[in-house]
Structures are given as C-alpha cells and as structure tokens.
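Order as written gives the chain letters A, B, C, D and E; numbering starts at 1 within each chain.
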Amino acid sequence: MKVNMKKTKPAQKHSKKAGLPPGTLIHVGEKRLEAVRISYIDYDEQNLSQKQVSNIEECFPLKTTPTVTWINIDGLHEIEVIDKLGKQFELHPLILEDILHTSQRPKFEDFEKYLFIVLRMLSYDGENQAIEEEQVSLVLGENFVISFQERIGDVFEQIRDRIRNAKGRIRKMGADYLCYSLIDAVVDSYFTILEKIGEKIEFMEEKLASDPTEKTLQQIHKLKREMISLRKSVWPLRELISGLQRSESSLISETTDIYLRDTYDHTIQVIDTVESFRDMVSGMLDIYLSSISNRMNAVMKVLTIIATIFIPLTFVAGIYGMNFEYMPELKWRFGYGIVWLIFAVIAAIMVIYFRRRKWL
Amino acid sequence: MKVNMKKTKPAQKHSKKAGLPPGTLIHVGEKRLEAVRISYIDYDEQNLSQKQVSNIEECFPLKTTPTVTWINIDGLHEIEVIDKLGKQFELHPLILEDILHTSQRPKFEDFEKYLFIVLRMLSYDGENQAIEEEQVSLVLGENFVISFQERIGDVFEQIRDRIRNAKGRIRKMGADYLCYSLIDAVVDSYFTILEKIGEKIEFMEEKLASDPTEKTLQQIHKLKREMISLRKSVWPLRELISGLQRSESSLISETTDIYLRDTYDHTIQVIDTVESFRDMVSGMLDIYLSSISNRMNAVMKVLTIIATIFIPLTFVAGIYGMNFEYMPELKWRFGYGIVWLIFAVIAAIMVIYFRRRKWL
Amino acid sequence: MKVNMKKTKPAQKHSKKAGLPPGTLIHVGEKRLEAVRISYIDYDEQNLSQKQVSNIEECFPLKTTPTVTWINIDGLHEIEVIDKLGKQFELHPLILEDILHTSQRPKFEDFEKYLFIVLRMLSYDGENQAIEEEQVSLVLGENFVISFQERIGDVFEQIRDRIRNAKGRIRKMGADYLCYSLIDAVVDSYFTILEKIGEKIEFMEEKLASDPTEKTLQQIHKLKREMISLRKSVWPLRELISGLQRSESSLISETTDIYLRDTYDHTIQVIDTVESFRDMVSGMLDIYLSSISNRMNAVMKVLTIIATIFIPLTFVAGIYGMNFEYMPELKWRFGYGIVWLIFAVIAAIMVIYFRRRKWL
Amino acid sequence: MKVNMKKTKPAQKHSKKAGLPPGTLIHVGEKRLEAVRISYIDYDEQNLSQKQVSNIEECFPLKTTPTVTWINIDGLHEIEVIDKLGKQFELHPLILEDILHTSQRPKFEDFEKYLFIVLRMLSYDGENQAIEEEQVSLVLGENFVISFQERIGDVFEQIRDRIRNAKGRIRKMGADYLCYSLIDAVVDSYFTILEKIGEKIEFMEEKLASDPTEKTLQQIHKLKREMISLRKSVWPLRELISGLQRSESSLISETTDIYLRDTYDHTIQVIDTVESFRDMVSGMLDIYLSSISNRMNAVMKVLTIIATIFIPLTFVAGIYGMNFEYMPELKWRFGYGIVWLIFAVIAAIMVIYFRRRKWL
Amino acid sequence: MKVNMKKTKPAQKHSKKAGLPPGTLIHVGEKRLEAVRISYIDYDEQNLSQKQVSNIEECFPLKTTPTVTWINIDGLHEIEVIDKLGKQFELHPLILEDILHTSQRPKFEDFEKYLFIVLRMLSYDGENQAIEEEQVSLVLGENFVISFQERIGDVFEQIRDRIRNAKGRIRKMGADYLCYSLIDAVVDSYFTILEKIGEKIEFMEEKLASDPTEKTLQQIHKLKREMISLRKSVWPLRELISGLQRSESSLISETTDIYLRDTYDHTIQVIDTVESFRDMVSGMLDIYLSSISNRMNAVMKVLTIIATIFIPLTFVAGIYGMNFEYMPELKWRFGYGIVWLIFAVIAAIMVIYFRRRKWL
C-alpha cells in the first residue's frame, strides 16, 4: 500500500518532538518498512564488492580502506542502527537528528571531516495521481558516501549499474564524484516529475477549452498546490548546490566542481520550468473563471431573448382576453388576423434589435 | 480569564509613551498578573539550586558565581523590580525600556558585556480559537541568562526538566547553550501553532468543497489575518538568529554556534510553511469566490430553463384566451387537442436545445 | 482654518520652480503663517536661556558658544530669514533650497561641518478626518541644531519640557542627542497616526460585516490612498536613520548611536505596521466585493424561486382561460378543484426541489 | 503637425538595422526636420559668443579653446554631420550609432576622454493629450558639451537665458556644471508631466464617482500604459545619475557632485510619484469594476422587486380568468372585491419582506 | 514541413536521458535534417577561404592556423561528428552533452582554453503564427569559433556577407569579434520577434475594443504564454553577456568588450520591452473581462426594462380577463378606454423612472 506523503505536514511531524533536547534521536516520519535494509558497494578502478548486510557493524571496516565505499540505509525507524553508525563515523548528533527527522528542507552543511547533504527525492505515484516525496540524506567523507532513505526504491539504480559495469567515469573517480552522481540522479528525476505535470497541464487546458466543470477547478487547485510543494523542494536545491561549489572543502575535487556546475544548470532549468508552470496554472484559473462567466452570459442571453420577445406578446394577448363589454376590436371581422400581424411585427422588431446588438 | 492579544495593536501600545524621554520605564502592555513572580535555577554539572524568590535582591549574589544562573521574571508591571535588576546587571536603560514595552519585533542586540534578545512566544488558545502572543526578552551574560515574560505559563517547562534531571547536554554546557535552548523552545513551539493552523486550513477546505457560506469567507479572512500577524513574528526571527551566528561575541561558543545553525534551519522551515499556508489561504479565497459564482450560475440556469419553456407556452394559452368573435380555431373539433400538441412541441424543442447546449 | 496637505501634490509644487538655477531660494509650499516665528533654547547642564526673537540676527552669537543651541523657525515664506541664517551658518545653497522646497522625501546628507536631515511630520486632523503632513528640516552642527517647520504646532513640546525641567538625560548630552530626540519624537508621533488608522480599519471592518454600501468602498479606497501616502513618508525614514548610524561623522557620538538604533527599531515597527495595514485594507476590498456578490446572489435566488414557482402555475391557469368550444375539463364537476390540486402539486415539487438544492 | 511618439515602438525602430555591422550610422527615428540646425554657445566668466551655424566645421576650433563650449544639434537625419563631428571629437562609432538610433534607454558610459549620456526628454502634447518622447544625447568632454536632439524645441531655454544673462553660478563653472544643468532641466521637466498626469487622475476619479462608462475604462487603461512607458524612461535615470556620481571620472568636479546628488533626490521623487500614481490607477480600476457590479445589482433589484410582486398577482388574476363552469367564487357578490383584497395583501407582504431585507 | 518548437517541452527532452552517466552523448532534440551540414569560413584581413565539407576532419587543420576560422555545424543527430570535433578541439564532455542536449538555458562558461556559450535563436513562423526556437551553441577559442545549430537557416547570413565583402571591421578583428557578432545577431533578431508580438498586441487591442469573443481570450492567453517562454530565453541572456564582460578571459580583447557593452544595452532593451508587453497583455485581460461584464450588464438592462414595463401591464390585463359576474368596470362605457389610459400611465412612469436612473 502506497502512502501519500502530501498528507503528512512538516509542522505535524516536527511538533512530535517539540521540547526534547536537541540531538535526541527520534524518528518522526512514518514507519514505512518492516526491517531496515543495509547494503554497501565498495569499489576502485579494478575491484568491486557489493553486499546486503543485516548488521551495520559489517560496514565499519570499510571506513578506513582506500577504496570508495557507498553505504545505503533504507528505513530509518531502527534508531540503534543510525546511532551506531553515527558513533563509528563520528557524525554530529544534530546530523543524526536531521537524518531521522524527515521533513528537512534541502540543505548542505560542511563539518570539515565530512559534508552533510539533505535532498528531497520525488516520485510520481501513477495510481493516486500524486507526487510522493522522500528525504534522502547523504554524508560525504574521505572515501565514503553514506545515503539514508525512508523506504526501498530510489532513483539510484542506474548509478549502481554504472558502478557494477564500470560504465562512464565513475569507477575511476573518488567518493565526491559518487556523491555528485547521487545528487545529479535526484535532480534528473525532477525532470520526469515535471514532464508528468506538463502533461497534466496540457490535459487540463484541453478540458478547460472543451468542458470546464467545478471539478476542473478543484484539479487546477490541486495542481497549484503541487507546484507550491514542488517549489519548496526545488528552490533550496539551488542554494545547496551553489553552496557545495563555493565551499572550499578539500573533500570535493576541482574535476567534480565542473560536474556540479552542470547539475547547477539543471537545477536552474527545473526552477525555471516550475515557475513557468506556476504562471500557466494561474493563467488556467483566469481562463476557467472567464469561461464560467461567459457561460453565464450565454444563459442570460437566451433568457433575455425569449423573455423580451414573449412578454410583450403575452401582454397583447392579455388585452384581448379582457372581458369589457365595449371592446370594438373584438367584433371586427379581421381583428384576430390583425392581432397575429401585431404579434409578428413586435417579434420582428425584437429580433432585428437583438441582431443589431449582436446578441443573436 | 484569557486575553486575546490580537486586539492590543502595537501602535496603540506604543502611543501610550509617545514623547517621554527615551529610557523612561513604563510598562505599556496589559497588567496580566497580580504579583510579579521571580524564580531562578542555578546549576553546573554537579550542583543545582532552584528557588522562587519574593525579592529580586536574592538573585544578585548569583551574578558573580561561576555556575550558570537562569533568572526568570513573570510579569512586568512592577517597574522597580526591573529597575533594580537593570542596575545590578548594568543593563542599558533602552534595554529595560524594550523589555517593558512589550510590542517589540524579534531582534538581537550586542552590548559586548551581554546580548539582548527579544522573541515572541505564541500559544494557541483553544477556547477562543485564537493565537496568543507574548514577548519574551532574554539577556545573556557571562554565566547568566535572564528571561522576562509577560505572564505565567511558557514553553520552557521541558528545559527546566532537562536541567533538573540532567538530561541531554544542558548541565555540561554554559549559559550560551541555555540561551540557545530557550530560543529553540520558542521556535519549536511555532510548529505546534502551524499544526493547528494546518488543521484549520484542512477543515476549511473541506467545508469549502461541501458547503461554502458567507461565514466561511469571514473565517478565511480571519485565517489570512492570523498569517499576516504570524509572519510579523517569524520573519525577523531569521535575521535574529543569523545575526546571533554571525556576531563575534565571545559570549557564544563555537559549539553552540552549530546548534544555532540547527535552529536557523527550523526558522527557515517555519517561514516556508507560513508562506505555503499563505498561498493556500489565497487559493481558498479563489475557490470560495468561484464556487459562489458557480452556485449563482446554477440558480440562473434553473430560472432560465423554467422561464424560457413556460413563457412561450403561456403566450400560446394567452392567444386562445382572447375574446375575438371570429377565431376559427376555437370552433374546431380538435382545437384544444392541437394546442396541447403545440405545447408539447415547443417544450420539446426547448428541452432539446438546452440539452444540446449542455445546460440540462 | 486647517489645510488638507493631501491636495498639494509634490509634482505640482515642484513644477513651480522648474528651470530656475539650482540653489535659487523660492518657497514652493503654501504660505501658512502671517509672520515667521523664530525662537531659540540655549542650554547646558547648569544654565538655560530661552527666547522668542523677532530678528534672526539675535541668534547668531549662539553659534560659537559651547552650550547647546536649538534654533526653531516656524514659517518659511520669508526668504531673507533663511538666506541670512544660511550665510551665517555656512549652509550650502542646495540645503536652503531643500528647506524651502517643502516636498522633499525624508533624507540625510553629510556636509562634514554639519548634517542635514529632512523629515515629514504627520498629524491627524480630526475635523476633516485627514492626515496632515509637514516638512521638518534639521541641521545638526557642532553644538547647535536648527529646525525648520512650515507652520506653528509640532510634536516637540515634550522635548522642550524636558529641556526646561532637566528631565531625563537631555541637559547632560550634546546637540547630537537633541537632534536624535527630535527625530525620535517625529517617529513616535507616527504611532499615534497608526493608532487612528487602526481604529478606522476596525470601524470599517465592522461596517463591512453589517452593512456594506458603495460609500464604504470609497472609504476603503481613501484608506488605501492614505496608506500609499504614509508609505512614502515612512520607507525613506529607514534609510535615513540607518544612514545616520553608518555615517562616520564626528558630530554623532557613540552614545547617541545606541539611541538611534532604538529609533531605527521603531521605524521598522512603523513600516511593519503600515505593511500589515495595507494587507488588511486589501483584504477588506475582497470582503466588500464578495459580500456585494453574495447579496446579488440572495436577490437572484428570491427572483428565481418566486418566478419558477409561479410561471408554471400561471401557464396552467392560462390553459383553462382559453376559449375553445370543446374543452371537456371545463365542464367537469370538480375541474376547478382538480386545477387547484395541480397548482398545489406543482408548487410542492418546486419547493421540495429548492429545498434539496439548499436554495431555500 | 505633431507626431505621437508612442506609436513608434523601440522594437520596430531597432529591427530596421538588424544585421548591419555595429557602428554603422543609420538614423532609425523619423525624420522630423527639414534641415539639421546646429548652434553653439561659447562662454567663460567674462566672454560669451553664440551663433547658429550652417556648417558643422565652424564649431571645430572651439574644441581646444579653454572656454566652455556647448554645441547643440537639432535633427539627426544628416548622417555626415554626425560623422564629421564624431571624427573631430574622436567619438567611438558605437556612440554615434547610439545617438542616431533614438530608442536607447537612459544610460551613462565613461570613455575616459569623454562621458556619454542618453536621456529621454518628455513633453506634453495638449492637443492629442499624449506624452511625447524624444532622445537627448549628451557628450561631456574637457571644456565642451555636445547635445543631440531629434527636433527643435527643448527644455533648455532657461539654461540658455542663464548663460546669456550670467544668472546663477553657471558662467563661473565648467562644462560639467553645464552638463549637470541640462540633466537637471530634463528631470525637472518630468515634474510638469507628472502634474498633468496627476490632474488627469483627479479628473478621472471624479468621473468614476459620478458616471463611469466603458470609455472611462479605456481612459484608465490609456493612463496605465502611459505609466508603463513613463516608468521605462524614469527608472534607468536613477542608475544613470548614481553612476555619474560614483564614476571616478576627472571630468566631473566635486562641486558638481553635490549638485548631482540633488538631481538624484529629484529622480527618486519622480520615481516615488510614478509608483504612487500606478497604485492609484490600479485602485481606479478596482473602483470602476465594483461600481459596474454595483450598478448591475441595482438593475437586478428593480427587476426582482417588480417581477416578484407582480408574478404572483398575475397568477391570481389568471385563476379567475379560467372558464370552468363550476367556479363558485365567480358568482359571489363580493368575489371581485375579495380578489382585490388578495392582491393588496400579497403586494404588502412582498414589500414588507423586501424592506426587511433592505432591498427597498 | 515546419516544426512548432513550443510543443517539445524541456522537461520532456531532458527526461529522455535521466540516469545516464554525465557526458554521455545522446541527441535529445528532434532530428530535423537528413544529413549534418558542415561548413567553414577561414579569413584574415587579406585572405578568405570558404567551403562546405562532407567530412569533419577537413576542418581540423584550420585549428592551428593564425587565421580566424568559423566552423558551422547544422544538425546535431550525428553524434560521431560532434564526438570527433570534441576530441580534436579538446572540449570537455559536458560541453558536448550540452550542445546535443538542446534545451539548455542561455549560459556562458569559461574553460580557460575556450569559452562556451549557449544562446536561443528565435524565428517567427508566419504560417503557424508561432515563435520557433532553436539552440545555438558557440565555442570561442584562440583564433576559432565553432557554432552548432539544430537545423539549416539562421540569422547569421549578414555576418557571412560582411566577411565575404570585407564590410565593416570584421575582417580586421579576431575570433572574439566574430563571436560577439554572432551573439549580437541573435540579440538583434529578438527585436524582429518583438515587433511581431507588438503588432499582434495592437491587433488584439483593436479587436478587444470592437468585438471581444471567447476566442480573443484564448489568443490573449496564447500571447501570455509566448511572453512566458520569451522571458525564459531573454532573462538569462543578460547574465550571460555581463558574465562575458566581467570574465577575465584572455580570449576577449578590450576592444570587443566595448562592443559587448553595446549588446548588453540591447539585451536590457529587449527585457524592458518584454516586461512592458507582459504588463500590456495583463491589461488586455482586464479589459476583456470588464467588457464581458459590461455586455452582460447591457443584456440585463434590456431584460429588466422590457420585463418591468410589461409585467405590471399584463397583470392589469389579467384583472379584466377575470370572469367574475360582478365586475362593474367591465360594463362601463369607457372601461376599455380607461384601461388603455392606465396602461399608458404605468408605462410612462416606468420609462421616466428608468430615464432618471440613466438606464435608458
């Protein structure tokens, strides 16, 4: 069963731990997995070892090897795992808190010995037509990257493939390049989301043109909200990556800096697209509202035309329905015919008037 | 009896003292307590003493002890207390004025010997469904923190617990960490408020979808105003904390700086959420307005349909209600039946027309 | 007779002197006084002399005395007075022009030997329900402050009292503190104006809720315009005061700098309040518009209900008003009763339908 | 015949020369004059010579004299004139291009040996009720100023007077002061334009209050567009003048810097006023729209009241117009009187109901 | 057959390659050409050689010659061509990726040995009334410029002419001037687009005034979207060119810097115009909406007038259509005449009332 992240408000999550001493490890997200899944990939240009371990301690020896190590943790509800890892890798308690407290906005912090990066990974849940969000925390140290995810399933599969098959540069480069690749994969996945939203917008616009209903309005507003939430994930990313670039940390080599510049460009592109989408969505709202008022106009016009034609006619008919004794017209031989003529003339005048005012 | 802070406008408070010499001590808020309540906690890693005193002088010896001292004042209407304290701790008269003048926006000032911090503590009054606001002023000196509150009841209870039970780091750290903890508690309490508002927004949205009334509109506007007021408390906080971090005051240790960075992140998160809420609330306004106009449309359509069907029919009936002597149809054997046929045909044409235009 | 400042547009004033050589002394405001009134207060900690003089030359000897001198000029239409003063105190011709040309925005200029400050003093004219504006120019030199006002009546009376009665610090401090006090008095007076506006807003909101008329709309717009004009006076003030603080002029002592910081805080508070008020006023506009459209809805509903109930009934009555010879129902014993039954059934169906759609 | 500048869009002008090598001299504005008019004023404190020349070469000897020379060119369609001048005074080809290409935004460029300034001179064409725009280019060199205008007629007449009559400082100062005077004259002329717009706004507001028509709306939008266009001329001016002030060019003396500061203040004032006007104009739009919907409301109310009163009455009359044989009321002695009573009661109930709902 | 670029969303293009290793060469745009077309121009002040080659290797010897070489590639789908070129000219893999991945936003990157520039070339497709977009990538090295385009046809024809005919400066200057010329040509072509849009806006405004239909609304929204898309191309350009100017690359001479300043001014002008257009387009939306509601008003008024005049008349006629036995008026000699009088009086009162309220 899938979970709609949108429902769990950051504020709600946060208030669970209000008042506790800072650095207290409490997992504030939903428990999404039965068991925490720990796996690692350890590689250099020649060698590669890869394993799913049941015990976090198995990963500890890798910390000091010269090879690049990528430890991935899926599931955050077993606090002891995070705690042990934190102690072994000398992570600051606030870092551990941020990892568990899965409503962080994307950010980057430099702790000299390691860099701490928080990202928000998005995926599109086709079934519920909703965007799902998940916090990914990365710790980049000398020769190792540790990634923390809330649940199984991520956008890193192709990176694992590249490492396994020694495709591209990845096996020749250090942990910083691995870390860059992970960030890049997350940013790249945003384009998939944007594509979905773009399709939705196109679909909605066609619907707006053909048949706008009150439901359309609700969908526009849902879209608008998705944009608000997307923005919250995307904007801080820009800061994050430019922060990484500007940081003078020795952990990031100059070669990787060039790649980060590329990711930065992608981020800007994502932001640009999100902003354009926002503009389009508010344009859709305008169209909706004016098409509604256009419809109302059309309805009103029909009423007006029918009513204004027949009301005078009915009045005329009413006159000759009166029972006065002395109504000479009633006796006329062609009175009835003349009345029909009057009906025709009045109706014709009305129709011509409406034609002239372009209402007909 | 609870007081609705929203009603006391800052401008109103301020004008009470317009024209007085700066540094004049006048309490401009409401008197919310019978007697001022003074209490202190004095601690280091091993020892702890805690007392509620009736006379402010009892606290003065603590100023010079090497232990960390937290003096808390609840109630600001006894000016002599503040005055004596100010003299003893060498506080600038303007500081004392700001403490008493409880409509300050959050700010931070560095007076070398001590730092002065103003915060706005929010709490949610469930009964009146309103957010209550209270100014908390903090003075951080070498080994002491003095906190000033307008009334009894605060968000610091858990900090007192932690000090008493030596939970977390707090007993091992200095006055700067205590001061950080107080700020953090205030920021954390904002999440509780945001959660309440989030619930309100959700509730309102459901109501909007099911049954929007004029009262809903007023509630939306009340919410909007609460956001305006919340923003005023939250935005300056960001500046305050980044100011604290950037200050080169010797009163704040580097360790505490890292914790402040964490609080800064929380503040950004609060601001982000407030801004998203604002966007949502204005979205609600749009929905309200368009649902109102949709309703109007529905009403108009019914009128149009009924009127445009029956007006021509009534006209036809009117024709044969005329009293002309020579109206051959009246004499026809099946005249009446034919008229019914005409009625049916006109009505059918109308209904088909409406169906085609999708109004029915 | 009071003058409504709002009417004299800056542009209008300015264009009076377009094309004249810069530094030409022409008074471009309205002449508001019969005679220019000149007075001075000269004081140090022990002594005080105070006089209203008829001749500006009487003030000149005070320029070189070590005591603090405050020369106040009410009325700007006697150009020779300003000219003589300017020559004696070596003021730049552009300064004199700015003093006379009373549509300056608040600003601060540093001329080394003296500082030039322009403020806008606001007062509330209860009779016309309008905010009145007046330019106050200050020149702060070594040991003297000269203030220029357009007319008699200002917010400095309490400062004069403090000097006379040696209240507060003012007699012990220099001319810079006096100058600060004048600025602070102007900023403080803004709070009184804000309070009045706050009351108006509250009053308007109540009226909006109970009985919104077209006049209400005009009052909202008047309020909106007052906000626009208030903003123009208040925003530059912030720059002005932060400019004063940042200036490295030897004329402002460090002690006074702390006081200016306090005034800066007040300015920010004024700006915050103005911005909140703006938000509230546009909120009111929304409420007005939607309450108008709600009313329209209510009117429409009544029309619809009455019309849609009676139009079909009238049609039925019309049928049996026809004069066909062969209308069997007319002959039925209970025809008339049955028609009444039909009336009742149609009406009942309609009412039930409206109830179900919640229009009744 | 006057030309309405608004019609010639910058884009249109520019595209005329798209693709030509940069620095190609082509005049892209309209040819507004028969012959180019060249004149100069050459002066120092004692001497003054002034002449209208037919041949640009006559001005060349003035370049090296120590006196201040002001060469003014009216009309830009004779490219050779500009070309010769450019060669003699060693102006960069791009400068010449910018002079001819009269759709530049206001800007300032420092070429060491001379400064290049582009301004937009506005004038109000009372006949067409439109603002006319013209590019004025200034070149300030050591001892000379060259000004280029598109046609005869400018705001510099009073400066010429001052030079001729040795009024003010101008004859005692250098070319930089002359250049400042020209800029100041242009900025001052904006106030005249703003005054005209201010009058228009006031006139429009009165019209809005008394009798808003569709034409009013179009006028509001025309005003709005004028603001958009005015803004485009005014905003870059601020940058221009602050650029001039900050430039460390030796061509501008410190004395003139103080005067530029004054002009800068005026520019800010112009910008402030333009922004306030923009706010007012959008306020007017709101008033217009709501007054339109208020009117609609009034119309609807009358319809509703008349219709809802008479529709039931007509129904009652219809009942007794039916031809049933057995309608006992018809035979009653006071039947007709009772029906009138029923009419009166129904009408009264309706009127009371409308009164109670405040629709009458 | 022309392709409407607008349809291929950046997001869509990008997602094609999500997850691939960075630097992987995949062309993500549409294949727009059968064969890639490669051509070069090689020149210095005296000599010129120009050729269309079928094999990219033919261009390689030109890299080291002292003459300026301009290699132009039309069509990007043959990856080997780009790949070979990249290797020969030592371009970074990410550059090649950006060239092929044709949804880059305009940007500039400095790789010391060469500069990489991405532009978006716009052209107006008269047939489909749509703006077409194409990515142009430039590589500026020591003595060479390589340009990459998606398809045949560009705005550079006049530059080729100038080189061939040695018009202007171009043959005397280096590769940096050539590169500047290409950028300038792209920026200049924007003015042509703006002119087209300006014409459209003018056309739309006239249509709005004369006959606004629902189609007009859709066209306004199309225009609005074109502005959104245009903005996305234009804004980053500003950054790009100012980046080029500020870069301290030895590849750009000081002379060319002055020309870039000129291009920068043009860019600002383009941005200004785009922003003005945006303002105008939203103004048009306002006009549309209010003209729609004005029309509705007009329709409503006619209905109201006709209905309110005839409804009471019909009621009166209804009264005398009643069949009461004792209705004395029916027997009166002039009853019928009096009823006509009553009709006339009621109608007259109504008409006068409507006249007074200015509805007629």
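We adopt the following convention: a contact is a pair of C-beta atoms (placed from the backbone, for glycine too) under 8 Å apart; a residue touches a chain by one contact, two chains touch by 3 or more.
Computed from a prediction, not measured in an experiment: that's the story for all the values here.
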Minimum number of chain-to-chain touching steps separating chain A from chain D: 2
Fewest touching-chain hops separating chain C from chain D: 1
Other chains in touch with both chain B and chain D: C
For chain A paired with chain C, centre-to-centre distance based on mean C-alpha positions, whole Å: 43
Where chain A and chain B are represented by their mean Cα positions, the distance between them in whole Å: 26
Overlap residues in chain C, where contacts from two or more other chains coincide: 293, 296, 300, 303, 307, 311, 314, 318, 321-323, 327
Round-the-ring chain order [start: chain C; next: chain D]: C, D, E, A, B
Interface residues, chain C side, partner chain D - complex: 9-12, 14-15, 17-24, 92, 94, 97-98, 103-105, 107, 109, 211, 214, 217-218, 221, 224-225, 228-229, 232, 285, 288-289, 292-293, 295-296, 298-300, 302-303, 306-307, 310-311, 313-314, 317-318, 320-323, 327, 329-336, 339
Interface residues, chain A side, partner chain E - complex: 155, 157-159, 162, 167-170, 181, 184-185, 188-189, 191-192, 194-195, 198, 209, 258-259, 261-262, 265-266, 268-269, 272-273, 276, 279-280, 283, 286-287, 290-291, 293-294, 296-297, 300-301, 303-304, 307-308, 311-312, 314-315, 318-319, 321-327, 357-359
